[in-house]
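What follows is a structure written as structure tokens; I'll ask about it next.
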């Protein structure tokens, strides 16, 4: 880990946040926060879900205007009227949620805004293609620059976003949870590139809920709680526990509190499942009270498998048995009726309906059960929603607010609430703790294991090895769409899983 | 701002209020507007738009659209005339026409959900197709000799009083559609589909099937309206109801339904229809020319969305000002 | 069982005929006379109702003009309803559909309003009289006569009509067919009847279609002012000019150019202004009880002189005028 | 309309260039077949006069389709084009009949200006009023038409009131190509080029593909959107002038109902109504196809009553064909992926 060259802090701040505040209606998202971004330094911004990190990012990007306070670029106070201004000021941003143009090619997505031009001021397609290819090579990813962005997995989308940010050769690079969707390997590649940029004198702002990443990349950290600035310190001076304590405001119980559950009868039997071009002969079983993890590199097809099992996606061969009965293919409704639930990996597109209120989202799969004589009366839905959001300590204004106004992590909690409300026998969770802060993460893990203890069967798709190793009774490793290994809790180690996932010894 | 206040700020509420105001002013200010006979005329004039608007609201809430309704109406009318000439009994013709409408709707539904074609494009196509078929069925002729006890019923009033017979039908259907949209799981699923079809799919909602049936219903209602139209004007023609589709869409949007789906309420739509019909009726009584009516319709349509937006943006800027001031002192 | 076409009792109760006519009754003043043409913003219509306005002035009555923008069947009904509300004395209507307007017209008559159909008739049992611009027979004949002259007695001719269900056009076309069936016209061949829907562009393209499909076409007969103007314009601008003759019913002002440049040799029309004028007087006569619409009743229509109600309440304006390069400049409408 | 991923064709821009071509190729083939069949049953269909007529009839719709395509690509729609055509046509016609001395250029410029102004109004309402385009343009469709009516009233500008050179413009030609057609070609070609090869064009695609992302990417969304609507309006205005020159007789009803034809042309031409994909010249081809269908049916002497039905059926077929191609592309993509 490259320790921070402390002189940098002496140098002038490339960008300085001064006493900024921002509120949305009643919610005070950010209140009087200040911190500097120094050249040649990576600066971490940490805080619980809803602490206000993304809001700050959006102010730096010119998306939101601060209600009060100012931003200073090279010491001079400036007002961003829109993202264009921020760009002009040399700020490149990777937003928490991917922002690609699905109909345009990947290369064009990357070049958008500063496409290479021929002398006739026409766009130089060849140059554009080669630029994209070069960036991907640098990040060591394999995406065809000429394919449209539509259909990319979240992970691939995230990688394109990164390439986009790098291409603009900005002096200030702001990354809002860029690693949330990535697995170890990509994260390492991202870090190498970022370090290079930093050493070339760029200022980096990095947001993540994974402390090992922060200690690995950043020299300075700013901690936020409930929209307020807690402190800005050198990472070297703080232990992870200090950080967590300051950001949560209390001591935390351990992560991954896996309690042993009595394994019951088989709930799910998947037989030789396959889908042309995505996955093939996938067979496994899940028993009541068991937590089975699906590990593997991004793009291994884990989400596709589980989506096919749940019926939102088709499969060409094989069968799915639930509690001994064969499940109708391609029918989420049948799966739900049988007692299955799926917390999808893509919150915005698949998990939630952003325009609808929190309560409507939570009770959507349950509306039939909640109806009396086929009719729904507001009360029943609201009570249901309240009880579940409170159980998960969701930070929200009103239950009737559009769920889109919640912070990333709180949105994730709403998705969990939505599916726990259906009291399923088998719960499939795809990246359940993606973009969730440590506090919530601990809660989610405790929740999962207590549910398992009560006899719920859980399938967990996760790219976070510690989580996989900590939570799972059994680990199924996918590689390029087929099962590379099935490991019991005792056999599983970082090495054994990575080995199976990559098909060679992990360096 | 409180639950209630936010509800009050909604478009549909504004439209409802506006409608009431217009009705009051008209019946006080416009001679002959308040009369019971005029009420009958008013109801008869708004009947087709209102009935077709009910399923159209559902469809637009799911983010789709059906521009073929008016042509379906015309085709149903032609079929009615043709069958009548074949000597079938009117009692059997009416259900046949409604079913025919349903079938036409099903074709739309299949093209949209089965083949996944954009509904705007598809229904522009069927708009031409169905109108053409209407001409094929009935040609340029018009069939007129429908039995008076039916034509009379449509134009007549309950016991010769001031309440038109068709009003019963209108109210009944409006109530049914309203309850389904606003107080049933099915209604909820429509909003979900309109706001984000993929997420709805992930929540176990049968997106395609739901949309398909909406088109079937839309077609059936259009067929029914085709029958009513034919009886009202005691004239079955291929060009009946031509151009009605845009009037209906206009009324639905005026009622505060979002063209992107996921937003809107049925009371708003009803208000929208009544508002347009009442305005036109009143202005006509005042000898305002048809062209002026066009302008009013268009202006209302735009303003109904524009004004609330302006209001909210003013409110928010004002709020930001206050915050800044608060910060400086 | 059920109600079928045959078992159906015929349409509603026709309004009670107001008592016997009193030929010497004085024409009332201050009558409210409303005109409801097929559609507004159509030059022909404007000339027509213009005549009505003049007459209303002479009669010291209140003249009113209302009407839809589109010539669709049902759009006239709401206007009739409005006129009933406004308690007019006379409604002059050119029906877009003889039946669609019937129920409302009968309501109007029950409310004591006199109905004068002009230009395009409403069905007989829902209007008092019909002002016929010329006998259907007369127009049909003169159309065929002109066509035959222009074709030199033999060859292919085609008709470019208005909407497929325009009452009067279809009636004329029927007569033309019977005329063409006669031996003296045996060499004339009617190859096609096209419909321009009284829409300028559609008529224009239909004319194109005719000329492409029928290379040996000699004459296009267009019994509608919109159609004849469009056809003439197309021919005058295409290389068919001089090869194909155009005739039919047209407005001198619209046709003047094509008559001058030789595209059109001759065409016919009655004076539309007179139709409105006569309609207004007939309405006044009805409202004053001079006539009731029965055959044989007589009344005087101002400058046009005396008229007699014919069979089925028809009042015929008179024979149409033929326009040629010689006389066209004497007319301005 | 909904952006339901399920019903959204997965389709590349200019990558897989071959496949992209096939999308418009479909229309070209359809055209060829139709023309061939018609010509066989009636050779005069290919006679100079006839071809000339078809091209002349296409010109007006094609010009409007080009503008419409730009707007649709930005995930908007402009239903007011028919009324704008009417307004501009009547304005120009009255102007020319009032002072016959004016050169053609002035007429064209006035038409463009009138249309541009109308488009600007639409754009402002959509962008700054945050009113959905369909609502705005449905409203202005009524408004502009109403204005024209109340201004024109009954009066109608007849061919004999218009100056020769103005009417000549419709038929007169420049190296054998009628001006009308030439203008249409220039418009469609020019707009296509801008949309395909210039930044602003790609930005319009981006805006249609994901409005939110476009904002975040710092694209000058307001400027571009206003631009798109102004182009659509101005071209409708231009079409108005061409209309007046071609048909000589202009009344307040000119261009009524055109909006649906134009949208149909654009859709048949393979521009997705969800925005973000499709090409302008595709839309131009769509316009041509629809006109050819129209005149072919008249030439083939198909029963008057069947014609409209057939047009409708063909529109639907065209859309289905487009969809098929799209699906094929999506498949080929999936394959590519799986072997990463």
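Brief remarks follow.
Labels for the chains are A, B, C and D, by order of writing; each one numbers its residues from 1.
Following the convention adopted for this analysis, a residue touches a chain if its C-beta (ideal position, glycine included) is under 8 Å from a C-beta of that chain, and two chains touch if they have at least 3 such contacts.
Everything quoted here is computed from the prediction, not taken from an experiment.
Across the two interfaces under comparison, B-C and B-D, the one joined by more C-beta contacts turns out to be B-D. The chain with its Cα centroid farthest from the Cα centroid of chain D is A. Taking the mean of the C-alpha atoms as each chain's centre, chain C and chain D sit 38 Å apart. Rounded to whole angstrom units, the spacing between the C-alpha centres of chain A and chain C is 75.
Separation between the centroids of chain B and chain D, computed from CA atoms only, is 29 Å. Counting partner chains per residue, chain B shows two or more touched chains at residues 135, 139-140, 198, 201, 289-291, 294.
Residues of chain A found to touch two or more other chains are 349. Of all residues in chain C, those that touch two or more other chains are 40, 69, 164, 195. Pairwise, the chains that make contact are A-B, A-D, B-C, B-D, C-D.
Listed in rising order, the residues of chain C touching chain B in the complex are 1-12, 40, 64, 66-70, 72-74, 77-79, 81-82, 84-86, 97-100, 102-103, 123, 163-165, 170, 195.
Residues 42, 44-45, 47, 49-50, 53, 57, 149, 152-156, 158-160, 167, 170-171, 247-249, 251-253, 294-295, 298-299, 301, 304-305 of chain D are the ones that touch chain C when the two sit in their complex. Those residues of chain A whose C-beta lies close enough to touch chain D in the complex are 61-63, 82-87, 93, 95, 99-105, 108, 112-113, 115, 117, 121-123, 125, 142-144, 146-148, 150-151, 276-278, 299, 349, 481.
Residue ranges on chain B touching chain D, taken from their complex, read 62-65, 67, 111-113, 115-122, 124-133, 135-136, 139-140, 193-194, 197-198, 201, 207-208, 246, 249-250, 253, 258-261, 289-295, 297-302, 305-306, 309-310, 313. In the complex of the two chains, the chain D residues touching chain A come out as 5, 8, 10-16, 197-199, 202-203, 205-206, 208-210, 212-220, 272, 276-277, 330, 333-340.
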